[in-house]
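Heads up, there are several structures right after this.
Shared chain: subunit A. Partners: subunit B in the first complex, subunit C in the second.
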Partner chain A sequence: MASVTSASERRGIPAAPFVHDVQSFLTQSSYDASTALVALQDRLQQYKLAEMKLLAQRRDLQAKIPDIKKCVEIVDTLLAKKGTGETMKVDFELAEGIYSRAQIPEADSVCLWLGANVMLEYPLEEARSLLQSNLENATASLKSIIEDMQFLRDQVTVTEVTIARVYNFDVHQRRKLRNQAKEEEES
Partner chain B sequence: MQQGDGQETQVTWDDQQNINKFGRLNNKFHELEDEIKAKKDMAENLEDAGNELILTDEEEVRYLIGEVFSHMPKDDVESRLEAMKEENEAELQQLEEEKKAVLIQMAELKTILYSKFNDSINLEEE
Partner chain C sequence: MAAASRSGVAEEIAKLSVEQLQAVKEQVDAELSVLQDSVGSIRTAANRFEMAANALHNLSLQKTGQQMLVPLTASLYVPGVLDNVDNVLVDVGTGYYIEKSLADGNDYCDRKIKFLKANHDKLVEVANDKRNTAEQVSLVLQAKMRSLSAGEQQRA
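Presenting the complex of A and B:
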């Protein structure tokens, strides 16, 4: 049995190698316990860094999704009014905390802010399907980020357990050596 | 976990996978707790809004859609609130079920891991 099992990797995140047997792991890699610990700690740090990045991405998406949902909701409302000839009466914000009243006559189109200083007018149905696909994309990327995070978390756990095992192994070895020395002294 | 008493228990790949699974479940558990709290807050807010609606005399109330307050007949708003309440309640129930399932799985893994590692492993929250 090899002393180390490494799985694959996931989107640039390398899997943490699992050490089957600490003794042969140390012999094979020709590390002593403390250099091995340093290397493992280093690896753990890199995983933590990657985790922070993913966390930030997840936060962004989690904020974005409700925003898109709001957009879909208002376009849906306009769509529902279409063909009824009703005007929609709304209070809307002029500036922070300042509101005015507006009548929105039955509308066929809305303007979507696409970013990069561009706004484009869309028929309601098209706007709706565009927003819907944005929402689906955002939800899909959120899902894959969550999966990445789970993978990453597993690698963190593997590394932490390995660190603990190398540490324990080292403690054990030292104790053995000490006891041996004591026995030799006594005899 | 670093204060082993020097007792050596071999950790196999299966053990490692169980530990990983436990870690994942524990994370999931905390996320569920947060989501459940958010849903409960939402339920409270919807309840408050419903009560205010009963008290008001106005026939037309303002209802937030997107970023604007739309003027809407009270009855429409009432039925919208009712629908949101139901949806929220269903989601809450689902989350509670998930939480239950996660807790059961965690308990199973705890039994397995503690029986193998005794004091060498700590699976409790700090």
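Presenting the complex of A and C:
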């Protein structure tokens, strides 16, 4: 009988039921072998699509996280300098490969680019806590996506194994029927 | 000279068999795609330097002491004051940065753009030659395959 090994669904990805016995799986779902194969192949395609989406999301997060870490460090440096009253001289990127110098007098606030053409000015403490929570969210999302991908890979394996077994079963059936027909002819 | 070499190549191609033609075609196609990638990356690099030249031009319109938002990372800006309009740091590769005057920086960008454009044009020419060779090879290949299948049909 077909049974389910783990959670029946994970964040929109349906689990692939592990088939213990191909014959009962086919009679239970009232598919014949070729329809079952088509349905399973379809499932496989959906899994592959989901895997590509997750891959893209993981890549984006992996790019964002070091950037957020850098921002946090810089805000920490600014916070540390805040009491001293000295002006910082910085070289900033004017264009790719060209840097120019600027002076930063005591900074009480920083401007954060939030995306979608929105930039907000925050006092230093608030900026730091915002960046820190962004970093934590991003790290948690990354972890969750990696777990999703592992789950997905398991389902892909299970589905591929099922396809192979249904195909073999079908070949076996046809051979049996052919042999039976031959015996009836001879007898 | 190019025409003579092309007709010489055409003779050689006609002597090859079908399998060899297919191998040659694959090789030429691979070389062509590598050349096209190179042309693309040269174009990207040239664009980068053009943007840098624009930025330098903008900088020349500013004055020291001008208020500005200093980008400390891609999403973090701090209000500050422009310190130096006369000198810029130029990234010359392998971790080296050279301080140059604004005029020298402009000159550097212009030189790079010219150099890249010259290479780009040369590469485009080579890529076109390769494309012609690829077309010739595939034409001869198709003709051979047609004559092969016609010959088989006659025999059958």
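Some notes on this structure:
The rule we apply is simple: the second predicted complex is superposed on the first by the 166 of 187 C-alpha atoms of A that agree within 3 Å, B and C clash if a C-alpha of one lies under 4 Å from a C-alpha of the other, contacts with A are read in each partner's own complex, and residues count from 1 in each chain.
Rule of thumb we're sticking to: a residue touches a chain if its C-beta (ideal position, glycine included) is under 8 Å from a C-beta of that chain, and two chains touch if they have at least 3 such contacts.
As the structure is a computational prediction, the values presented were derived from the model and not from experiment.
Looking at the shared chain after the overlay, A:Cys71 reaches both subunit B and subunit C.
Once chain A of one complex is fitted onto chain A of the other, the partner contacts of A:Trp113 are limited to subunit C, with no touch recorded for subunit B.
Of the two partner chains, neither subunit B nor subunit C is touched by A:Lys53. In the superposed model, A:Val161 lies in contact with subunit B only, and not with subunit C. Legend: residue contacts after superposition of the two complexes on their common chain; A:Pro105 is shown touching subunit C, with no touch to subunit B. When the two complexes are overlaid on their common chain A, residue A:Glu93 makes contact with subunit B and with subunit C alike. The residues of subunit A shared by its contacts with subunit B and with subunit C are 70-71, 74, 89-93, 99.
Subunit B makes touch with subunit A in their complex at residues 1-2, 4, 6, 8, 10-13, 16, 19-20, 23-24, 27, 62, 65-71, 120. Residues 67, 70-71, 74-75, 78, 89-105, 107, 109-114, 119 of subunit A touch subunit C in their complex. By the touch criterion given at the top, residues 48-49, 51-52, 54-56, 59, 68-85, 87-91, 97, 105, 109 of subunit C touch subunit A in their complex. Across the complex, subunit B is touched by residues 5, 18, 20-21, 70-71, 73-74, 77, 88-93, 99, 150, 153-154, 157-158, 160-161, 163-165, 167-169, 171-172, 175 of subunit A.
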